[in-house]
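In what follows, subunit A forms one complex with subunit B and a second complex with subunit C.
Right after this comes the complex of A and B.
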């Protein structure tokens, strides 16, 4: 109950300790330890790793977000634990607590601090998305951020149920089921689909971008280390969605050049049969398809180009 | 609502949920097409014969007789089985013969016009070896593909001279595509599929037979 001088005493008449200060002193080391552990111990192992520039910046962003969030979580936990211990019910103490009608200082502090944290994280996230960290997520066909340092390696990623294929327009336009990238070089993925919506997820590279039919979605990355890259589809795309996987390779520049030379030669016959390289492939616009229709006596059937006499979904 | 009505509602709801779960589990475990067993290899080889049909005899395929479909010939009975599931031994040469009773359907991605993953990197169209087929412009036209992505196996299947709509068909109006490949040493289920969007009446040819076991996709079960 408040005394005549305004101080608050407990049921035994003892003055209330400064709970705010005690909670702060308990919270401070917990928050510091949590942040240090996140930054130096857990941080280097956070996804998606640091195999590429885009992956490393994403990992850095996650570390910063975690370091900002950990003290808030620590405060909630410390306060909860403190309340359970200090304000627990004691035998024989049936007195009500003091009526509280608000505390302007606490309210202002709480709203102010949390607003600053949330708004600063929003600004930070927006800036990160507009820069290299967000480039791996795909920027549509008119990217607002491009890597400096000349023309990047162009790799077209083509999704189809249920496999990825890759086309290398700077090396004659050959198309292959293998993803091979050179270390230390900027890479521009031009991602599209031939049928439904897929999502090209090259996990270790920090690249996850939608593959939409008739749309070129540009994503950038720069592999910084050699190794394997797990490629998955991250958009439910049908029966074998879970099996739409590939293992790509990041190799040295010399190994990459040797691979492209070999692939270009081995796939020469196939490359001649491919349509000219474009950023998207509308099957109805491929002129050669008309020939096969004519030769087979088809009137729009086949290849998914069915006439309007057929229902979209029976 | 009375207590009796609430209890009855609760019981009905519980029974509906339990019944639904049992139905789904039973359908998963007991449903689906049968598996044709080629596990008895002779001299380290097995011969797998399939056929493709534009549509099927409703008496044989009552579920979706209008769907394009594969059939597999049982080595035990010699009869055609409506399934896309088959079982082969590990580390064994598989000689595949596909009788094409379907007409031409162009590949959407010409990359699937290339033969890959077979013995010698070729397939035979009526005895003529082919490596790359222009499914858009000939001289060979294709109808479907047989592909096992995890083995990098992909073979375009030649279009038949006529379209048979009462599969399984037994006449001579078919193409013959043959090839061989080695099964992996690792046992397990290896999915296979057709990469030609041939699901007539489905959006862009996807869906329907493209996504249903027994028609244009299935599993090759490799056993040790």
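Right after this comes the complex of A and C.
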């Protein structure tokens, strides 16, 4: 099997340049510059920002993967460009190329290097997932990765066609359409749905978890800066899926406490009518509530968009 | 061995598959309108639909839920199913079967073959693999154009976040039709036309193993296509191509079209794959051992295994959805004992192999073309084949990476993260093979080669963005956004479609004896390459910036990027029109004949005339060496097309004796 290191002189007597070295020298600066740019210039601005612990984890995951991907991509592109320029067919040359069927050393090296990259990425991803309590992703009913420290603030997220409502069980279980969170506290979202599958996506917090009917899906985060949070639905749920957007707020702890106190008293009448706080709700029972709410001129989950026994797209 | 000896003494016309005995009297000729073809099939479809609809109303016309929602899913589903059966019956699919069962001589389909030379046979249930290949080709291009037109509609709506060309419902319906049309039909984009046409030629066989199954797999595709599109008459379906329950259970009748069409297409995929597997295993010419199999055939074989193993899950899931929607089985209704997770698992257990059903044939086509235009052997043939086998095996163990945020099995996420990242190792082999083949090559920039190079560029981006999605923390931001959308269009539109174009420019001279115009081809390539990237590269950023998939409206700050993407996509559409023009112009108007071996390829398929004679090879060839021995001094020819008498039967006799000894 002929060596592929390019040191052999070709038949014409002209010494064959060392292609491998040339490609390496072309690749090295490209890869270095790309990595430096990604790390220092682009990295701090990568989505989804660093407003919460989980968002920061995701940002660093994207950054580190980009740093690993850029040299690989640069290698393939530089090699490809070099090949297309240097090894293109010249006019009048009717010879075939050298009959190289393979090269065990090259293949084994390639397989070894890609395996190392891939396995280290898998280990890295697992660490990033377990460390910051699930990295903001939905962890199902019985999460194994939880934040350390005391009891987190619990917020129940109820998805329905086509809006989000939130319940705060630690504050008497009142229910509201505005999402309010204190900075610097661990938050536990309990996400469920009253009809079809939605996906609760708080962009700046780096939280995404599906809302399935009859299922409690838990996600953790810890907001570290105050500010606005864009909430969207990330799973197609029918007609007005695109409009399931709201804006949440991360505020200081004192502001949050003030807000809960007011909300609790203001919504007391409604809270009495609500079904007791549970992790999931029977859609048939909740639908009845819609009528109560409508009479009282209040808004809450189970706005009575349809009867759920044989749900039909309105 | 006994399956097909193809005895070499068989020089006079013998009994062809499904044909009559050589000495049987020719069947009486019937007037054209009484012979089964597309028109009788259409009549059968209409009759079948009406019957089914009637039956459904008789069964379920009184049911309260039917009355409540003003719909009758029973009537529609039965109409579709009986309509499809009527379509097949009208084509004559069942005539031979019935004749055989009643002991009468078989001739109905053969009549279609004998009596309809010329164009007419393309409208009949033909058992000739070359006819089926071309039927598939035209069909697939038509399906692709339909899907592409819907894509243009999507991008029109997304021009503005506030001014709406379509209502939200119409928009969602269009997205669903586009996605489903593309995913279900494009699964056979390469194996259907190029596979059925070229496979026997590439392995030295006179035909495919099961000509009737082959024809049936094609004739199911127009049925699936029409059923799917007919969903638009009921307002389409609001759940995209993934059909997540319970949304798909609550949706109106458009959902029946989705479920039945996808099911029909699933059956077609099973048949297509099954036939290819048997053909590759049992119909290779002597000397075509596994180490000489063209790499495209490896791709077809592995893809076919994916098809026969994954598509049954799809068919089953669609059947469950249909029964949920009609007889209220509640497989997917949580509060009645079912589970919405069940659908997600079933769907993606099919869905992930499906994406490799779309990718592997592309790997095969570009790896096949590369050596020809590098004038070098394929680098690491075994690595390439092993990579395809590895992808096939692993692709059944990654499906939950689509469900990282769903709350299913959260503790298993590291495992699915690992398997997903592992699959990038064998996928990476295609780049190793390509780079090795480039080494000191003599690269010729023909149109097929340009498309193959475009494939590698696009698939590189598609593959690397896939690694981001496999990482759970990163995926938490990317899942369900335009990032995913950009990723899979890079692998499918940038991968599969580019590879298909490469294959078409490369093999059309073989299939039709006609060359596509090369200047138009180059224009087609450059416009498609530039505008494809201009369309989909910004969508990674759009997704990262927070635009979810399947939305008719979006944040105002993303309007500029979306406009850029929409305009690029219209230009991409123009590029596809250039291709259509080239195709029609070259095959209908210009008709530049290309009989020989224009690419100077060593492929076995190029050693016979173009288009190949009936039966492909006058004698069963004996394969003498591998297909990629470019530049090898004194390499023997690929095959002996006229082997001396006795060679083959002696070889078989020796093999049989060996077998007996063991």
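Note that the second predicted complex is superposed on the first by the 258 of 314 C-alpha atoms of A that agree within 3 Å, B and C clash if a C-alpha of one lies under 4 Å from a C-alpha of the other, contacts with A are read in each partner's own complex, and residues count from 1 in each chain.
One rule holds in what follows: a residue touches a chain if its C-beta (ideal position, glycine included) is under 8 Å from a C-beta of that chain, and two chains touch if they have at least 3 such contacts.
From a predicted model like this one, the values you see are computed outputs, not experimental measurements.
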Exercise for review: Check whether A:194 is in contact with subunit B, with subunit C, with both or with neither, and answer first, second, both or neither.
Suggested key: first
Exercise for review: Count the residues of subunit A touched by subunit B and by subunit C, then name the partner with the higher count.
Suggested key: C
Review point. Between subunit B (first) and subunit C (second), which, if any, makes contact with A:27: first, second, both or neither?
Key: neither
Check your understanding: Does subunit B (first) or subunit C (second) touch A:163, or do both, or does neither?
Key -> first
Check your understanding: A:128 contacts which: subunit B (first), subunit C (second), both, neither?
Key -> second
Check your understanding: Of the two partner chains, subunit B (first) and subunit C (second), which one does A:274 touch, if any: first, second, both, or neither?
Key -> first
Exercise for review: Applying the touch criterion given at the start, work out whether A:238 contacts subunit B, subunit C, both or neither, answering first, second, both or neither.
Suggested key: both
Review point. Touching A:212, do we find subunit B (first), subunit C (second), both, or neither?
Key: second
Study note, to complete from the structure: In subunit A, both subunit B and subunit C touch residues 195-196, 238-240, 243, 283, 310-313
Review point. Which residues, counting only subunit C, touch subunit A once they are in their complex?
Key: 65, 68-69, 168-169, 172, 238-240, 242, 244, 246-247, 249-252, 334-335, 340-341, 374-383, 404-411, 413-414, 417-418, 421-422, 424-425, 428-429, 431-432, 435-436, 438-445, 453, 456-457, 460-461, 464, 467-468, 470-477, 479-481, 544-546, 548-554, 629-633
Review point. Which residues, counting only subunit A, touch subunit B once they are in their complex?
Key: 158, 160-163, 165, 175-177, 194-196, 238-240, 243, 267, 269-270, 273-275, 281, 283, 286, 288-289, 291-293, 295-296, 298, 301-306, 310-314
**Study point:** Residue ranges of subunit A in contact with subunit C within the complex
**Key:** 4, 6, 19, 46-48, 54, 57-58, 61-62, 65, 69, 72-73, 76-77, 79-80, 83-84, 87-90, 93, 95-103, 106-107, 110-111, 114-115, 118-119, 121-122, 124-126, 128-129, 134-141, 143-144, 195-197, 199, 201, 203, 206-210, 212-215, 217-218, 230, 232-243, 282-284, 308, 310-313
Review point. Any idea which subunit B residues touch subunit A in the complex?
Key: 103-111, 113-114, 131-132, 134-138, 141, 149-150, 152, 159, 191, 193, 195-198, 200-207, 210-212, 217
